[in-house]
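Naming follows writing order (A, B, C and D), and every chain is counted from residue 1.
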Amino acid sequence: MTEAQTNAASFLSRLKGLWRDIARSDGAEKIPALSPGLPDGDLARLRIQMEACLDAKGGEVSARARAAALGRAYLSLSAEGRARFLKLLAGAFGPDRARVDAAAAALGEAREEVARLRAEMELRQALEPPRLKLLTQFNALPEGVKFLVDMRAELMGLMRDHPDLAALEADLKGLLTSWFDVGFLVLERVTWRSSAAVLEKIMQYEAVHAIQGWTDLKNRLDSDRRLYAFFHPRMPDEPLIFVEVALLPEMAGNIQDLLDPTAPLGDVDKADTAIFYSINNAQRGLAGISFGNFLIKRVVDDLSREFKQIKTFATLSPIPGFRRWLDGRLTEGEPGLLSAAEHKDLTRVTGGMGAKGSLKALLAEPDWTAEPLLAQALEGPLTRLAARYLTRETRSGGMAALDPVAHFHLSNGARVERINWMADMSPNGLAQSAGLMVNYLYDLDDIEANHEAYSATGKLAVSARIKALLKG
Amino acid sequence: MTEAQTNAASFLSRLKGLWRDIARSDGAEKIPALSPGLPDGDLARLRIQMEACLDAKGGEVSARARAAALGRAYLSLSAEGRARFLKLLAGAFGPDRARVDAAAAALGEAREEVARLRAEMELRQALEPPRLKLLTQFNALPEGVKFLVDMRAELMGLMRDHPDLAALEADLKGLLTSWFDVGFLVLERVTWRSSAAVLEKIMQYEAVHAIQGWTDLKNRLDSDRRLYAFFHPRMPDEPLIFVEVALLPEMAGNIQDLLDPTAPLGDVDKADTAIFYSINNAQRGLAGISFGNFLIKRVVDDLSREFKQIKTFATLSPIPGFRRWLDGRLTEGEPGLLSAAEHKDLTRVTGGMGAKGSLKALLAEPDWTAEPLLAQALEGPLTRLAARYLTRETRSGGMAALDPVAHFHLSNGARVERINWMADMSPNGLAQSAGLMVNYLYDLDDIEANHEAYSATGKLAVSARIKALLKG
Amino acid sequence: MTEAQTNAASFLSRLKGLWRDIARSDGAEKIPALSPGLPDGDLARLRIQMEACLDAKGGEVSARARAAALGRAYLSLSAEGRARFLKLLAGAFGPDRARVDAAAAALGEAREEVARLRAEMELRQALEPPRLKLLTQFNALPEGVKFLVDMRAELMGLMRDHPDLAALEADLKGLLTSWFDVGFLVLERVTWRSSAAVLEKIMQYEAVHAIQGWTDLKNRLDSDRRLYAFFHPRMPDEPLIFVEVALLPEMAGNIQDLLDPTAPLGDVDKADTAIFYSINNAQRGLAGISFGNFLIKRVVDDLSREFKQIKTFATLSPIPGFRRWLDGRLTEGEPGLLSAAEHKDLTRVTGGMGAKGSLKALLAEPDWTAEPLLAQALEGPLTRLAARYLTRETRSGGMAALDPVAHFHLSNGARVERINWMADMSPNGLAQSAGLMVNYLYDLDDIEANHEAYSATGKLAVSARIKALLKG
Amino acid sequence: MTEAQTNAASFLSRLKGLWRDIARSDGAEKIPALSPGLPDGDLARLRIQMEACLDAKGGEVSARARAAALGRAYLSLSAEGRARFLKLLAGAFGPDRARVDAAAAALGEAREEVARLRAEMELRQALEPPRLKLLTQFNALPEGVKFLVDMRAELMGLMRDHPDLAALEADLKGLLTSWFDVGFLVLERVTWRSSAAVLEKIMQYEAVHAIQGWTDLKNRLDSDRRLYAFFHPRMPDEPLIFVEVALLPEMAGNIQDLLDPTAPLGDVDKADTAIFYSINNAQRGLAGISFGNFLIKRVVDDLSREFKQIKTFATLSPIPGFRRWLDGRLTEGEPGLLSAAEHKDLTRVTGGMGAKGSLKALLAEPDWTAEPLLAQALEGPLTRLAARYLTRETRSGGMAALDPVAHFHLSNGARVERINWMADMSPNGLAQSAGLMVNYLYDLDDIEANHEAYSATGKLAVSARIKALLKG
């Protein structure tokens, strides 16, 4: 465990102490065990318990104990039972409609400034649902914050089928947005001296380049690597978002070398480049509450301070939507997708393959990677098309890059620097991006201006190399 | 510094690291120095800066830097300038009224359930003022949370004269209520090994029985004493609320002995009683966000665990409103205030004093404390009247004790146990409560029921001794 | 990482800071790279460097830097080179013989008391070899203490062939004995939240019941288990000695159940017994510097405080020397080793096996474990013989139990409580102790008296059950 | 408390846990209370108890408990009783003389190399007194290390009158030298956030420029100041040695400005000089175990890292022996002490004073400081004489500067940089050094060479300015 996590751990252990008695207090036993599916009778009993939490009978300390019991009851339910629990919370503990309507009417009639202000305040209060208080009380559970984060993850999964849960989800999102303000988060370097509990979570949450086990993990924590994560003091074992960094003597061009466990240890003193090769949001329940830009900014700062000689900060990123987009173009048969020269070149090497030699067919069968001539012929057009995909294909009316990873880094002020051929030869890498990866460069002097241009006008920063490729 | 404070300190120091660059970033220089009184020209520039924070131009990291600069600017203003700053924030960054009105109208027209829910959500969002986002961004200041707490204290002072600040104050209260949820607070024992920075604050914030200096403080942290405080991780040097406890072989009957620096050190192993002799709310800006009941409950738990032999938990409390109430009765000339026997007794010892011997006159001149016979004659009636004041005089339609300290402890589930004669002979103690003090007893078995009865019906728990006194 | 390890880690990291510059200082480069085998030329250069450390030229800070360089040079040598390094240290940096002889002569002549005392002091100083100062200076290495511990482990391996290293080894033992005084050690509970670096070491050092991987380890750290270790503040990643404990509702009778990863989690609240099922000395270089007795005493204290209901503290221990001893008896053909009844019983079930049915032959082939009747017939005699081996077979002239594990626990004040049949069915368990294990019981009331009797007279504490077994 | 002190505190608190039971165990009661003066009967009982500690009856854990009881008994004794205690320890628990003599004889007869080595080892062991083990056992006391440090301070005070305590003192010094090896010490920055317990000790131990109270102390911990101390993990509240530093825009020329509580806060960003204005050894019991040079080196390193722009590291030091030396010269009437020009100059301004105007008489009456003309006339000769005293007056056969502070800094590699007139106008400053102070400069590039030259040949480093002064 790094130091600050220990601090957080100590903090949590004291909080646990704080609530241990509450959680064990007799309030806990007031809910007889519920059936996992939460049949109607149980639902009725649950409602009474929820009301008791809001009444704060016996004092607020006792109310918290009851809320903790309610939380434990929730955890014991089946998926169906939980949905019923949440619908009860959403349906029966919303705002008092009569009060809302009265306040809305009063607002309509307010004429003077102060009256208007008062009416707005009253209406805002009337709209604040009682269930929000109950959600807050769950903070009494020893792992209460994590409980609420996970509850939101479940809610998001249920919302499609249960639109009446939207308001509850919005309440929870509001609460978590307040609690997870970046001002409360702690950036930690995760190392081999970190807690096994945290490392286990890192392994579990790494979704970009899966970690194969403790040995692979240890390799990623070696002296030429860095792993940074944001933590919340009330969730010390749970990384919120983390980034893996390699310190290298040059910009990395493929992921295979980076992940090779047999590669020799790099000499950090000779590194002048930091490559962010994996960024993972670890908590589904915090979707939409973003701190990725803060993380990158902070890690760049930290590394700058520690290593004066590191001047280049860049990512080695997947292009997750490239193949899907390209397949669409190929299916549509977009004219001019390949230039005449590219077409000719490709025909030359696939001449004998007939229909199997079409770009579409080739991509569907990843055997081309094993054929040097074929691969060589594909490199030019695929790289060019990837550059086009990344820099010209947009959504949101041209204001945002189509590729989500591109959008994230461009929003943060990076520029599209280099596209790398045969950079991720894993099955997933081939399937999503034909083995291509991209470096986004964070140039400290340009970050603000890049961000500004991108977010104001959708104009994205592109290296000369990429521009040449596009003209190519 | 106790351990958890160090943790918190380390947490804060990392947070400071987190924001150091932000705070120093060029955003900081974008506000030219403001005149302390904030004349109109400066106000206009300030407004532009506030808008820039909300636009998040240059990215959220930069916006936080600008908010930090804004915060520093606020601190440089005079009282008048601050009021103008706050009024700008309150006036120019409220909800978009057109949007609010449209949403209110839509609410009126929503017929189906889902439409109603959506309309409520939209109205709630419309009512959320942009200034709330700005307040949150102040969290980027190194001491951002304390900054907001103090800003609220200032706001509360201004509200009487500036009712248009009420909504801003309500926003801030809501934000602080969320951030200071008791689930995020850390209970710490403060000792002589605590940080001098914290101890200095304790001395400064003790308002019940003022601390005379470091020697007096050290005495209150001796091995037969305890001092507990709640802290927030982002305000590690700032106690939120604290309680001073003496471990004694019997229930304390006066404050003089407790505060006597020359008293010999008590033998903790022989103590069976914990006396809470001073409870202080330290942050005016957190008024109305209560955690006193949690503090007492937690300290009782902690002491129970540490000292198996301690069975009695009680306070030694002032009766701050007694004299004011009694003077009112005396001025009104309430018939039967003194019983005939009491009257006769008093007349006997003050016979020669004439009008100067009336109860009213005696209390106005505290010389009576030096006259044994006089004091003896006063003890009966004053003690009885204090019991009446504490247990029978109410406000809020009979639902709450008139005395605020009594109300606090009765709400927490304590009972009025014993009234102590000549228990606080300080000028303040004589002026407020004729030298009387009261023990409130926390009987672990009765706390919930006492609380329940008191908060539901206003019925308060009273010892047999007090009941006897009332019967007189 | 548990808290105190983090403290230690933080301590170490600061110490590293302390010595970083020293270690990197130019002194480090003053030794040109040595050949691994340390040929004569290099040896001569090394000697000059060693002398420079002792001269403290350039000040003590520089001398430490040179010692650190020397330490790194040692680490770069081959086994042969290291032996030469150590022999140089032992041979060339011993006491000044002329001074010793003069002091010894002076001692012989000292007549008066004060003269005698002075002569003794001078002789003692004369005998203190300069190399001791150099060993101390190695403390300047970032992991200097571990370096010295490992150096002693190497020395002990070399001493048989190089008796001239004995004095150097004795110097180092003296130094480590002083530094590892139990007053400086920290007892830590190791958990799943401990540092992966520490957990990796636990896995590596567990020699009694090997840990199969991270999953097996996590199982041994579950809530019904405890793992405690002593650490030294300067070796925070290195457990010195550790003990694994299971919290159970009864005394454990076999190791298979304890190590079964599929066993359900025990209910700690129902546990009344703590079983110490594995104790490991982790540092060979600390051989002969014992803290095992302190460890057990401390863990018993800690568990007693945490779990009031735990009343029984016992081990589940191997009997490592049983089979060797028994095989000796069988080879000698000791008359009466088996009783007539036992013999008859055994013959009955192995009748058809002839010579293969002898006890000696049966034990050599562990197939008997699969034959219920055979196993049943063996249980009686083997259990009885194990009781005899543990309680009656001695060394050191009858003052110590022959079995080393028995000796350790008896020295600590435990008593031989119960012998368990089919308690360790691993190949090793069968080979060493015919599958038997023993519980040593730590009865808090008897520990001192047991220890006293055992260490003074060799009399060992034995349960009634074992006594009955011995009477047969 | 700074972080590492907290770590140390936590470390200590765990150690205390470790020994609490030991210290409270019944061993503690085995010594009936001793009379403070330790009469003969008590002495006999004490001897038995000491022997019991060494016998380790009941096991080593119990022996430690008995040693702790012994330690507490020591603390309860009067000065006379303690001397008797120590003499008992010194006299009755020395080496076994018969064994020593036999070993010395064997040494004389050893011919072969291995025999000689063995004889030396045996003799060394024979000379190791049993009391050393007992001293080590005192480590079991909760504050055992501090106990031993203070015991050595007492021993040193007694040695003059009791030469038979010398060997005991030497034992203790050896033990403490091993335990306080600089590799085990932690450098801490002490701040206003440090523990009040530590700050109280700093106030108490500051002997160079006494601290007037908490306000003065807080001033010395302000943002333009630094205070660093070495701590031992087992004495977390006790600084071992500490240095106070001012960060300034130029080299400080007098102490008045530095200690002025009303001086405005310096701007650290503009400081290019670090002035070490007070260095204090805090533990008399560690006399002769030096770490001052390590402290200065470390603080220089720390400040260099934190403040890139700080280039000058120098002291502002007293010249404690100047007046004593000068008075000697004046009494002797050394011819040519003043130059003719100086003499004439002085006569001119003191013409009317007659004999009262002699240098000797003037220095005896510090009124001259109030007479500008007089002071002006004295500046030249006194500064020149101070330069001579510092750089030319030696002891130890010319190998060491006569002034002890000069010797300390010159040994550390500093050079005599500048002498400051009217630099310490306190009564003590006038009495010791006629108000003069000196800056010793630590030039990182020259430290090693300076140290080397000084320690090898006594040649000291002197600035051009001082050289010019000497030439006069």
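Basically, a residue touches a chain if its C-beta (ideal position, glycine included) is under 8 Å from a C-beta of that chain, and two chains touch if they have at least 3 such contacts.
What you see is a predicted model; the values in this text were computed from it and never measured.
J.: Quickly list, by label, the chains bordering both chain A and chain B.
T.: Joint contacts: the list comes back empty.
J.: Please state whether the interface between chain C and chain D is built from the same residues or different ones, using more than half shared residue numbers as the mark of same.
T.: Result for this pair: same.
J.: Please compute the C-alpha centroid of chain A, do the same for chain D, then give the distance between them in whole Å.
T.: Those two chain centres are 57 Å apart.
J.: Could you tell me the distance, in whole angstrom, between the mean C-alpha positions of chain C and chain D?
T.: Chain centroid spacing, chain C to chain D, equals 40 Å.
J.: Provide the C-alpha centroid distance between chain A and chain C, rounded to the nearest whole angstrom.
T.: That pair's centroid distance is 48 Å.
J.: Check each residue of chain A and list the ones that touch at least two other chains.
T.: 3, 10
J.: So which chains actually touch one another? I want all the pairs, not just one.
T.: Touching chain pairs, listed by label, come out as A-B, A-C, B-D, C-D.
J.: Per the contact definition, I'd like the list of chain D residues that touch chain B in the complex.
T.: 1, 3, 6, 9-10, 192-197, 199, 214, 218, 237
J.: For chain D, which residues count as touching chain C in their complex?
T.: Touch list, chain D to chain C: 3-4, 6-8, 10-11, 14-15, 18-19, 21, 57-62, 64, 94-95, 97, 100-101, 104, 107-108, 113-114, 116-118, 120-121, 123-124, 127-128, 136, 139-140, 144-145, 163-164, 166-167, 170, 175, 178-179, 181-187, 233-234, 293-294, 297-298, 301, 411-413, 447-448, 451-452, 455-456.
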